[in-house]
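Here the structure is laid out as structure tokens; the discussion comes afterwards.
The first chain written gets the first letter, and so on, giving A, B and C; residue counts start at 1 in each chain.
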Amino acid sequence: MLELLEEFTQADPGYSAQVCVIHRDEVVLDISVGPDLLENSLIGVFSSSKGIAGVVIASLIESGALVLDKPVTAYWPEFGAAEKDDMSVRSLLSHRAGVLGLEGGFTLEELTNHTLLAARLAGSRPVWRTGAGHGYHAVTIGVFIEELVRRITGTTFSDLYRSTVKEPLGVDFHFGVDAEAQARVVSILPPLPAGNDGRSPLAAIPAGGILSLAFSIESLPPLYEQADHPLVQAFGPAAFGGVGNARSMATIYAACLPKSRHRLARPDTFAAMAQIHSNGPDLVLDVSTRFGLVFQVPDGRLPFGSPWAFGHDGAGGSLAFADPKTDLAFGYTTRRMPAPPGCDPRALRLAHAAQMWARSRDH
Amino acid sequence: MLELLEEFTQADPGYSAQVCVIHRDEVVLDISVGPDLLENSLIGVFSSSKGIAGVVIASLIESGALVLDKPVTAYWPEFGAAEKDDMSVRSLLSHRAGVLGLEGGFTLEELTNHTLLAARLAGSRPVWRTGAGHGYHAVTIGVFIEELVRRITGTTFSDLYRSTVKEPLGVDFHFGVDAEAQARVVSILPPLPAGNDGRSPLAAIPAGGILSLAFSIESLPPLYEQADHPLVQAFGPAAFGGVGNARSMATIYAACLPKSRHRLARPDTFAAMAQIHSNGPDLVLDVSTRFGLVFQVPDGRLPFGSPWAFGHDGAGGSLAFADPKTDLAFGYTTRRMPAPPGCDPRALRLAHAAQMWARSRDH
Amino acid sequence: MLELLEEFTQADPGYSAQVCVIHRDEVVLDISVGPDLLENSLIGVFSSSKGIAGVVIASLIESGALVLDKPVTAYWPEFGAAEKDDMSVRSLLSHRAGVLGLEGGFTLEELTNHTLLAARLAGSRPVWRTGAGHGYHAVTIGVFIEELVRRITGTTFSDLYRSTVKEPLGVDFHFGVDAEAQARVVSILPPLPAGNDGRSPLAAIPAGGILSLAFSIESLPPLYEQADHPLVQAFGPAAFGGVGNARSMATIYAACLPKSRHRLARPDTFAAMAQIHSNGPDLVLDVSTRFGLVFQVPDGRLPFGSPWAFGHDGAGGSLAFADPKTDLAFGYTTRRMPAPPGCDPRALRLAHAAQMWARSRDH
């Protein structure tokens, strides 16, 4: 992995990244390269936040407080409007709901107003009927998680995260950044225009379509500004508002592995969430995607691990995951948002090297 | 849009087209270009007929006469043969049934014999099992609609269309052409061979396969002759036998918009039909398609509007739709069948320009 | 077809193949070309075995001994572990189960141990949840068939094959090769490296992923050695252990045709199995595939017949199928495993020629 990082740095002198690899509860790599990021720097990880939110939800599933095959209305009665009364929690949390946004868009103020956006989404008609497929709920899956946590526990998602994950593990990952942490936050750099090879669905979002609805692009700031926005850093939206570093993400995922001494939930709980729930043509992104329950799982586009692996990437380039087959946890951040936005291809190369290393160590 | 039409005419001197755009019940464009089509000329619109049939069905759904989640057999008991007894009306009308045609094909005489083809389809085994996906029922979805109308109302589809859509709106669109209208019908010109770029599933239909079954190509006349055939013009099959013009199609779709003074059904009725019901690899066409209930809805191949838009294109090049988000209704016809057959790409460029214009007018 | 075989031989002097075509119970072609295969030579047919296994299963379905919409646990209670208690036999036999293999792989010894592998698969968690799609169960679908046969009939799959297919038809196709047959077995030649054009999912299976799981590549011998392995030839795994020739496969499929004098089951039984059950992006192979119940059915990648056709190909290049529309049965083997492994493209050209010939004979 060190040779890869050297290769990346030589090819791109402005390259900054954090990489952390944990194998069988042992930190085998925790490094930062480049001028801008230290190992304990913090950076907005965009949708890699969703994976951490998945870890938070796991404990509710394990305790039976959240039953995946119950209708959403069992927890959130207002959600039953517009023929959504039969939709299961499982559909909602595997990107199958079709409740992507609001016809007129929504602002960051509305998104960070706790109950307001959830109430409006509850009243809305899905873009597709359950059974038509799945598509990336880029923003709203976080609102669903926040509202379910609120309805079930009476606390906010970020409070539940703090008490069940952050404090027990002592990790430097934040949904809502305090003053101490704020001083260590490094801002995202916008994507370089030349880098856009046109392959990403986020390269240029046309106004008025389904992608624009899911990213609320008519009313939200540009993507690369979102994670650094004061409202986002203060509130910590579950969908994309996590602020952390490679080490903290790897540490959290390490605590999802079956053999970890710090286990956050039973292996079966994560194994059930890592089962492929949704696969194929994504109704929003118009490429093939693959999701478990909240988590992304490996596919040809994101080949980060075995069929038992689970994690998430982020538009800013980050990637973090756990792989029970190889006892591996991995975290990666970078400072420059890739063009097109999404998982930094270098993160996948590092993940592949880490997997090869872990397999060779087993023999 | 006028600049686009000029560009199209300069690039193709034989180009003939009608375009009609209605925004908030106001006709903002109603024009014909080229030597062959006047604004009030009539032309066969092929599968754009299906969209108009969707409008007819909407009133049955709204009144509760047709309940989408009931089995088809509730209205049409004979349809239950060959393990189809549980198939819902919703599956049938969202291209999920797999009842594509008959092993030996069928003729235009059989298709226009009212109950004969429906009876034979009712007895047949679907090509796929419900749940395996969806595929374009190019011809038979019209037979299903005709038979459901007959079973529920006791009248023919074209009579129901006449009394609930044509006469109330006073539109010049016909399922079954009378002598007055016949005089204004302009024939379809066959596709130019050189234009075939091989991208269309209809470019060359191999005998014996699923596509040949769905288009009954072994027993029907060539596609470009079908709309002009006397049997088709007399009977007006719901699937592809509508004869009209851009203005009449735009007028009908305008009456589907939530804010229209001439509303044919409640906004919720059309919103529910515009939800994506089927998406992904089409079992018949072997490309990705996206359907609501009867209607086509926008996707990457047919990007005509917002996630709330609904409409249909036709093999002869036509396109017509309504978009509740932009309060826009659009109709387009052309005389030369494209090669490959399907929506004229110029119609999509015009639709895009109309959408941009409507959005700019809103600001 | 003879001209095609001449063309193939001239282009590739090492080409060896058997072709057998039966039309309306009449053997219209039964030939071998090349230095290595005689008409009555035997060769391992890899996954073409699955199609023959489908024929065996048909009689259990027809008699009601195996009911497709019952849960697997009705026959095999232990299968209900890890939330599989509701999974239907239909899901299991149409590649929808997600029970692809074992995390640590399995050996040929384990695979040919009768109940051992079935017991371990029964306890395992599916890689995907039912409803997420389908993927090629390259090896395990055979284990499921073997175990269901054992549970339902008390005999082994190969005994049931022998008594219900092999002996009644007198065919030279074997699940488990005896000494007489062994003397006529020709070994598979490994794929030529230069031929690998990279299109096949089997061209290079990366370790650790879902494809490696489904083919158990970490613990089984290389693909081209499997069919010739003594354990495989002795046991005859239903998934890939059949040994036969073009004539025997064509003869078996001919007995599946509605008008055959030697019919093994009613036409409706095979028609129901030939309905498309699974279509679209294959979760294992990462290309689009199409399956009926056990059988493959034609799609753009394997266009061997009409929408009523059913059959299977094999990694060694073989192909065999029945097509009720054209009353055609077809068998093909070759000696050199294609690179990439899978149906020999020449088999598809021969099948197409046979179909054209059968259609022309009908007129």
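Note that a contact is a pair of C-beta atoms (placed from the backbone, for glycine too) under 8 Å apart; a residue touches a chain by one contact, two chains touch by 3 or more.
Computed from a prediction, not measured in an experiment: that's the story for all the values here.
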Exercise for the section: Chain touch graph shape: choose line, ring, star, complete or other and state it. Expected result: complete
Handout entry: Numbering shared by both copies at the subunit C-subunit A contact, with half separating same from different
Key = different
Fill in the blank from the handout: Expressed in whole Å, how far the mean CA point of subunit A lies from that of subunit C is 41
Practice task
Mind pulling the residue numbers of subunit C that touch at least two other chains?
Solution key: 280-281
Exercise for the section: Please give the residue numbers of subunit C that touch subunit A in the complex, ascending. Expected result: 83, 98, 100, 103, 125-129, 132-133, 206-210, 213, 280-281, 283, 286
Problem - Parts of subunit A lying in touch with subunit C, wherever the complex brings them together - result: 271-272, 275-281, 288, 298-300, 303, 305-308, 325-326, 355, 359
